[in-house]
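Look for subunit A in each of the two complexes below; its partner is subunit B in the first and subunit C in the second.
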Partner chain A sequence: MTVVRCENVSKVYGNKNGTQALTGLSVNIKENAITGVIGRNGAGKTTFLKTVAGFLRPTQGTVKVFAENPFHHIKVAENTVFIDGTMMFPPTLTLKDILQEAGRFYKNWDVQLAEKLFSYFALPCDKYHHQLSKGMKSTFHMIIGICARSPLTIFDEPTEGMDSAVRKDFYRTLLKDYLAHPRTILLSSHHLNEIEDLLEEIFIIHQGENRLHLPVDEVKNYAIGLTGEKKVIERICKNREVLYKREISHQYIYVVVKNDLSNGERVQVEGDGVKISAVSTEDVFIYLTQQKEGGIDDVLERS
Partner chain B sequence: MFWREASVLDVAHKQFVYKLKAYINVFSALVGVQLLGLLFSLNPIGGSGTSSGGMSFSAQYYSGDIIVWFTLFWGFVVAVTLTQKGYRDIDFTFVSNRLSHHLSNISFLLTTSLIGGVSALCASVLLKVIIYFMNDPEVTVIKDSYALQEWILGVLVIALYLFLLTSSGYFVGMLVQLNKIFIVILPAILFGFLILELMFGGAFVSPIVQFFATETSFLLFSLKVLITSSLLFVSSVFVGRRLEVRS
Partner chain C sequence: METEILSGHIEVDEKMYSQYQLADMFNINPATAAKGLNLLADANIVYKKRGLGMFVSSEAKALIIDKRKSQTLGKLVKEIVKEANYLNVSEEELVEMVRVEMREKGDSR
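Up next, the complex of A and B:
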């Protein structure tokens, strides 16, 4: 079943000349899976997630969450929790009070887990939200996000400010709780290599569009790297989209292409003295969302 | 995981209880505002005195009106504050939609109006007590004409005025949230009308004030206030129907 269905969604902030955050984005998010929403800074991740949560109204296109238009829909609101770094809490309530209040709003709320996580991460009960450090705030928000057990759980950059130990604990907690209580989770992050093992699907947003949406295994095999003599490589790449190109020396070159070589071609390529290597998902992401060919090296060489 | 049927009223009720706990400082501000009003009320607004045959007596008039004015101002400010982005986002941290957000705000404002009404009247009693002890208690007589019925009526009238003020504040706040240009437009309109009022001798603002202030029947007064407030709240909900949150 599809939980989130976006069709040709565009979002422009402010008036018509405002910032265009989404440009005709279409995507379907599967039920009970963890999907990583990945994109460069300003790619439209947050706008996409907030539109799904019903906080923002798309300028064009249709968004359906649980088959309803999410914008201010009470059913969607009751089944969604949205966690990010800018969550607002009343300055008069202590952390303990806030957790208690959260429990009244979410029907699947797990009180015991909340308390256990709270003491594990050594959060101070009697302190106020605004007194916490950035990392502690993120940890506190994360506890709410996990314990709410909402059918649709959205984490927008949840690990901001957390140290690596806490980040690892968070991923583990999320995965374990998800396995015990499956739900649809959207997780956006800058650290693709960190969350890769957690994800079932990867959704890459680039310049407000759906650049790629595939199961993680397919992304792992999405591209291959070829290292070899320039002439040979150029022949192989003739009718292929080159995702990335880097000159190693005058003669040798490294390119990344889509992994659509047949077994026969593979043998032939290797026979020509070309080394085939795997490309990590992180690198696939970087190459797919590169503005121009070449990358930072080109800029540095010219200057 | 299961699909749940959600109800707006249910969510609004939860938010209302949340607000009573979370916005407790609204009521401590009320205490501060009323104490300030009390302080200003300690000056008599008028007096007269006579003496004959070795006896002298003086009458001094005190008024608790300033306390009520201050309370009304407080109500207006609270309502405007509730419409601001920070307070809106607090609601949308947990389960909320536009309607439940407004409904819980309106319930909260109704509650603050009642509490404001009760405490304003209590403050005016406190005023009498203070004045009694400020003067020589042995020769001071406080003329108090309040019967219980009048007390209740007094509380309700102040509460109704407060409700009227909070609904106006809420509407003004929503307009500003819709477009910041209203920060300029609304005072301009207000002062424009006041100037016209002076030029044409009470043709614009006075009728509105008189519509409420000169009403002698409590029932009609309540109806006037409740209908006006409802219209203002409905307009606020309408104005805010396209407003985005947590953006």
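Up next, the complex of A and C:
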């Protein structure tokens, strides 16, 4: 089943000459799966998530969430929680008050879990939201996001400012609560290697478009690295799309290509003295979202 | 999981961990865990009982040993031989190194 369906969605902020954040994006998000929304800075992740949550109206295209147009829709709002770093809370309520009051907004709210997490992460009950540090704010938002148990749970870069111990605890908490209460979770992050074990699917947004949307294990096998003599590698790369290329020395070169070699080809390539290596999902992401040919080495060479 | 079966922690016809238990144990997505279980099922190391889960098959140990011998060990041996060639280590020298290592392991047991 599909919970979120986007078809050819574009979003331009402001007038016609404004910033184009989404460009004809189409994607279907699977029900009760954890999907990682990955993209470079300014790729359109937040715009996509806010459109799904019903905070933004797309300039073009259709968005359906629970089969409804999410923009200002009560049914969608009721079943969605959106967590990011800029959440606002009434300034007169203490943190403990907020945890109590949240139950009135979210029908599946688990107040006991909220209180247990609250004391585990040593948040101060009688303080106010604006008095928290960046990391503590993120921790507090995360508790709300998990305990709301909304059928559609959206985390937009939830770990900003958290130290690594808290981040690990957050991922573990999210996974355990998801196992006990499956729901559709969208999780955006820059740190794919940190979250990939948690995910079922990876959705890569690049320049406002759907660059790749696949189950995690298929992204893991998406590409392979080849290291070997230049001449040999160049022969292999003929008629193949090269995702990344780096010269190690004058004779040796490392390239990343799509993993479409047959077993026979693999044996042959290895026989030619080429070393085949796996390419991490994080590197696949980086190569797929490279702005221009070449990488940082080319920039540094010129200067 | 294979190591658990080899070491006898899970016996033949005993129930394998479920995808949810595995997800919890290894901190991974349950869909990934399910794919892992399916790989074991495809290799006949576990079998499915509808509605009950996965169980360890009678030939599980033999299959795992076989697979590891041909794949894991075979690959390592290939690498060792390759490295030995680079370093101009002779066949006798290499075999002797393996022998010494095996004897030491045996003594410490």
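The rule is simple: the second predicted complex is superposed on the first by the 303 of 303 C-alpha atoms of A that agree within 3 Å, B and C clash if a C-alpha of one lies under 4 Å from a C-alpha of the other, contacts with A are read in each partner's own complex, and residues count from 1 in each chain.
The definition used in the following text is that a residue touches a chain if its C-beta (ideal position, glycine included) is under 8 Å from a C-beta of that chain, and two chains touch if they have at least 3 such contacts.
Keep in mind that this is a model prediction, so the values were computed, not measured.
Contacts of A:175 after superposition on the shared chain: subunit C is touched, whereas subunit B is not. Among subunit B and subunit C, the chain that touches a larger number of residues in subunit A is B. Once the two complexes are overlaid on the shared chain, A:200 sits against subunit C while remaining clear of subunit B.
Of the two partner chains placed around the shared chain by superposition, subunit B is the only one that A:93 touches, whereas subunit C remains out of contact. Shared-chain residue A:33: touches subunit C; no touch with subunit B. In the superposition on chain A, A:50 makes contact with subunit B only, while subunit C stays out of contact range. Of the two partner chains, subunit C is the only one touched by A:215; subunit B is not. By the touch criterion defined above, A:120 reaches neither subunit B nor subunit C. By the touch criterion stated above, A:72 is placed in contact with subunit B alone, subunit C being left untouched. Looking at subunit A, you'll find no residue that touches subunit B in one structure and subunit C in the other.
Here subunit A touches subunit C in the complex through residues 33-34, 171-172, 175-176, 179, 197-200, 215-217, going by the rule given at the top.
Those residues of subunit B lying in contact with subunit A across their complex are 1, 3-8, 11, 14, 17-18, 21-25, 86, 89-90, 92-100, 242, 244-247. Interface of subunit C with subunit A (complex): residues 20, 23-24, 26-32, 35. Here subunit A touches subunit B in the complex through residues 13, 32, 50, 54-57, 66, 72-75, 77-79, 82, 84, 86-90, 92-93, 97, 101-102, 104-108, 149, 151, 181-183, going by the rule given at the top.
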